[in-house]
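Notes follow the structure.
Chains here go by letter, A, B, C and D, matching the order in which they are written, and residues are numbered from 1 within each.
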Amino acid sequence: MNSETVPQQAIILISCPDQQGIISSVTNFISSNGGNIIDLDEHVDHTDHVFFMRVAWELSEFTIRDIQIADEFQSQIADQYSMEWSLNFSSHTPKMAIFVSNLSHCLYDILGRYQAGEWAVKVPVIISNHQKLRAVADRFDIPFRFFSINPENKSEQESRQLEVLKELEVDFLVLARYMQILTPKLINAYTNRIINIHHSFLPAFPGSRPYHSAHARGVKVIGASSHYVTEELDAGPIIDQDVVHISHKDDISQLIRKGKDLEKIVLSRAIYSHLERKVLVYRNRTIIFD
Amino acid sequence: MNSETVPQQAIILISCPDQQGIISSVTNFISSNGGNIIDLDEHVDHTDHVFFMRVAWELSEFTIRDIQIADEFQSQIADQYSMEWSLNFSSHTPKMAIFVSNLSHCLYDILGRYQAGEWAVKVPVIISNHQKLRAVADRFDIPFRFFSINPENKSEQESRQLEVLKELEVDFLVLARYMQILTPKLINAYTNRIINIHHSFLPAFPGSRPYHSAHARGVKVIGASSHYVTEELDAGPIIDQDVVHISHKDDISQLIRKGKDLEKIVLSRAIYSHLERKVLVYRNRTIIFD
Amino acid sequence: MNSETVPQQAIILISCPDQQGIISSVTNFISSNGGNIIDLDEHVDHTDHVFFMRVAWELSEFTIRDIQIADEFQSQIADQYSMEWSLNFSSHTPKMAIFVSNLSHCLYDILGRYQAGEWAVKVPVIISNHQKLRAVADRFDIPFRFFSINPENKSEQESRQLEVLKELEVDFLVLARYMQILTPKLINAYTNRIINIHHSFLPAFPGSRPYHSAHARGVKVIGASSHYVTEELDAGPIIDQDVVHISHKDDISQLIRKGKDLEKIVLSRAIYSHLERKVLVYRNRTIIFD
Amino acid sequence: MNSETVPQQAIILISCPDQQGIISSVTNFISSNGGNIIDLDEHVDHTDHVFFMRVAWELSEFTIRDIQIADEFQSQIADQYSMEWSLNFSSHTPKMAIFVSNLSHCLYDILGRYQAGEWAVKVPVIISNHQKLRAVADRFDIPFRFFSINPENKSEQESRQLEVLKELEVDFLVLARYMQILTPKLINAYTNRIINIHHSFLPAFPGSRPYHSAHARGVKVIGASSHYVTEELDAGPIIDQDVVHISHKDDISQLIRKGKDLEKIVLSRAIYSHLERKVLVYRNRTIIFD
């Protein structure tokens, strides 16, 4: 967990048309240059014939300099396999902006982990369309930025949010029960880098008031789903989901109470997977290397 | 489990507008007539102000004769509270008809329990629109009735099925992956007495090929739902639901494989609840007394 | 959740030898005195022939004054059935002391709920044998009391803790990963009022380092168990348990990480049940009315 | 599922001291000889520095003949890395012997899957120390062999069982609630090839009557564990485990009822993993490639 005591690693996420020899080529590239593979996971979609891979290796004796790895990998490996890929270094600690409205349970869960040093992440700002949770941000000494949002000013306010995010060099966004639908402008600025938590097991009960809908339908399980935000509401690639059993004894207030525990855990698990660079998106689905 | 060694019980299921004194009135009726209450469970829907109750009591020293209980309960108790209620005796073993098509996993699960004496039920007939599972029925020495069904003859064939069911005095139907949509005629002949298993966590993925839809959507859990059949497809009162976690590694064939285990267990749990007279339907939802 | 907007309730928990007529007597007592029963749940242990009951009723039109209810219930009902019982009023907000050592995840979870007003509880003090979490207490403006503990001073320090608890009129204790074994003196002062969280599915892996033991044994699920503290270590009545699936990929650090999420949720669920007066202890087991 | 329509595969399971270049060497061996890798999964135990791997590849264009693969792999790859390894071909359908006593639920679950063609397995014999389930074997047309066992004849009868197993060329054994403790002679003849189902979440409640113990302890979850049999009772490598939530309402008969559903599913999942050659045993733990 502590980036200072662990040897620096490079992590590469790859997708490409499936063919023979990919694993062998990639592992040769790493091994022959002195890299020690720490973790390798691959997946083949046999329906679409697509190959996915995550490899992490130690850099301490790797003979290619960090700044050169991308170029070398592109020319030696990626070109011949038509790979899409991304390279990350464990030495870079990502910056996460948290968006909230009035509900605090996800925010507390995130900030408790953050303060405890559970995640390798920085939180430079909490953004809200309400003032209510400013006190929580203050407790944790995190800058809180309030943006009043109504249908008229929404686009303008989002542009200002975007400026803040860029100025702070934010890497990804977490919508911790943020009760606003983002515009395409913001969504497309952070493709597959905005994590939302929706309080139902999607695709059931998208949109507003899912616990009310779940109660009306008489379901025996309720769920929560974390997903990357896309332009279609609650329809982005799902990162994590979980459910809890309920009964006829649970009225809507009990569904909300039990659901909150799900929401915060499922959201935090998704953030963890994202931080660990274990998520690959393909055709609106995710590969989650574990 | 063995009805001969257990004292005979009466079981009453009640629903009525909520008001004070109902529990006390019902338990007085039983206790003052020498009945020993074995199990009592009640539920109040505080939103709709409706009261639900299940009471089971031993009949060995009950001073009202079995045949008189219904009348006495109606006049002494039910009238004043505007109750809807049903009375069952543990001495009556219900008759269950099983409808199947080509998939055997639910059928095997049901018949294994039946043969092992796990349930107090009789299975006078297995009905199918295919010949494939006749061999399974034969293995378990259960009459198998084949009804070829196509769009033209569907109504006619269902009438014949209905005749068989009535002749055999069938109490309720189980659709064990029966791949036909019932017509209202059959549905309304067995209101809240036709148990279906649908291979998704409803209301997500109703209709056909839910595992294909689940895979396309990239969900991280799949589920199964047992429900009473109503005229709207896969929209009846849910009796039981369960889910299993999946990952990107699971292609559609793996979803089908893992889902089968869910389907058979969820269906059998619903049958058990129904057999134990633990299910009350109210406004398309179920109260499941446990 | 807000005690001011909800009508005051009385809640009674009862256990006694099973016999006919108990439910009817109790509900008559409430109904005939103008009480409106909000919730009633009962359970009969048919092996030990013991009857358990929880009843909650609205006091707004109850004709017996709060201060008289206990006496009236004792003489009119409890005596004839040899009941053990306890009476609580929703108007009383319990005081909970939190004991911690160095791990913050359960503490954050509890304090987040506390601050959000999720529970009807007061937290007058956090007690620790380490200084590390003082900063967390400070963030939430809760008095923090440090008691350095070693084998020599343990009994003396516990006596001082006990003084603090009595002075603050603490109703119950929560050991939120408190890494000290309590002495009988403290345990017996708060019988069935000290809630501990143990990081395994008891009775497997009691005592220290259960995740290490779980890893060595190669289990495929890990769990967490909340229980009331008794003199025998990790052997008290279990209030709540839950598990999560793991795999060979999870080393001990991953078990600890995944386990933390379980621990905090299971502990908070147990606190909720306790606060709602839904827990009855009988022969080292719990009845949890839901 | 159908071995005739799927291209033949070779599957190799490997464990060896961890070092650089293993993956690359193995995948090179396969790719350079014309093998198309279908599935590759690896795991490194960073505590013990051990490397584990499962690779499956298509044989249709593989240039090494089946009968030569083992020798070539040993000399070209395994020797230099001090590998322990096993090679299987999807063309070989394993033979499974089922041992039972009086409970039929696991047996029905296995035979239902077997008949439905869910597994690539043959069942040449069911062995029992009771006559009760002969009728089930007969229903499914599987030879049933009865061996009366008592303390005096146990060793002798096991020798006879062993003869039967060898004569039938049985590959592995499934103890489907077989209520006899095997002697080391039988255990050691089928090391890591005898799958047992134990009706608790091990290591809690080993030995007899775990549901009674679970009820006495007042646990809130019960479980089932499938494991390879070793000489120490219920202490072998765990293949699969699962749990179900219970409550105070569940008496021992309900625990047994709910537990049966767990047992059969967990056992069948373990058999599936074994059949798919996805299980590697290391130091009394399992790696389950998924």
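Here is the rule we go by: a contact is a pair of C-beta atoms (placed from the backbone, for glycine too) under 8 Å apart; a residue touches a chain by one contact, two chains touch by 3 or more.
Only a predicted model underlies this, so the values are computations on that prediction, with no experimental measurement involved.
On the document's contact criterion, could you list the chains that touch subunit A and likewise touch subunit C?
Chains that touch both subunit A and subunit C, as defined above, are B, D.
A-B versus A-D: which has more C-beta pairs touching?
Taking the two pairs in turn, the one with more contacts turns out to be A-B.
Measuring between Cα centroids, what's the chain most distant from subunit B?
A
Take the average of all CA coordinates in subunit A, do the same for subunit D, and state the distance between these two points in whole angstrom.
37
Using mean CA coordinates as chain centres, what's the subunit A-subunit B distance in Å?
42
Which subunit B residues reach two or more other chains?
46, 245, 247, 249, 290
Once you've mapped the touching chain pairs, tell me: line, ring, star, complete or other?
Topology of touching chains reads as complete, every chain touching all others.
Would you tell me which residues of subunit A are touching subunit D in their complex?
20-21, 23-24, 27-28, 31, 36-42, 44, 46, 245
Could you please specify the touching residues of subunit A with respect to subunit B in the complex?
Contacts found on subunit A: 43, 45-47, 201-205, 217-221, 223, 225, 237-243, 245, 247-249, 251-252, 284-288, 290.
With touch defined as at the start, can you tell me which subunit B residues reach subunit D in the complex?
1, 104-105, 108-109, 111-113, 115-116, 118, 136, 139-140, 247, 249, 253, 257, 260-261, 265, 268-269, 290
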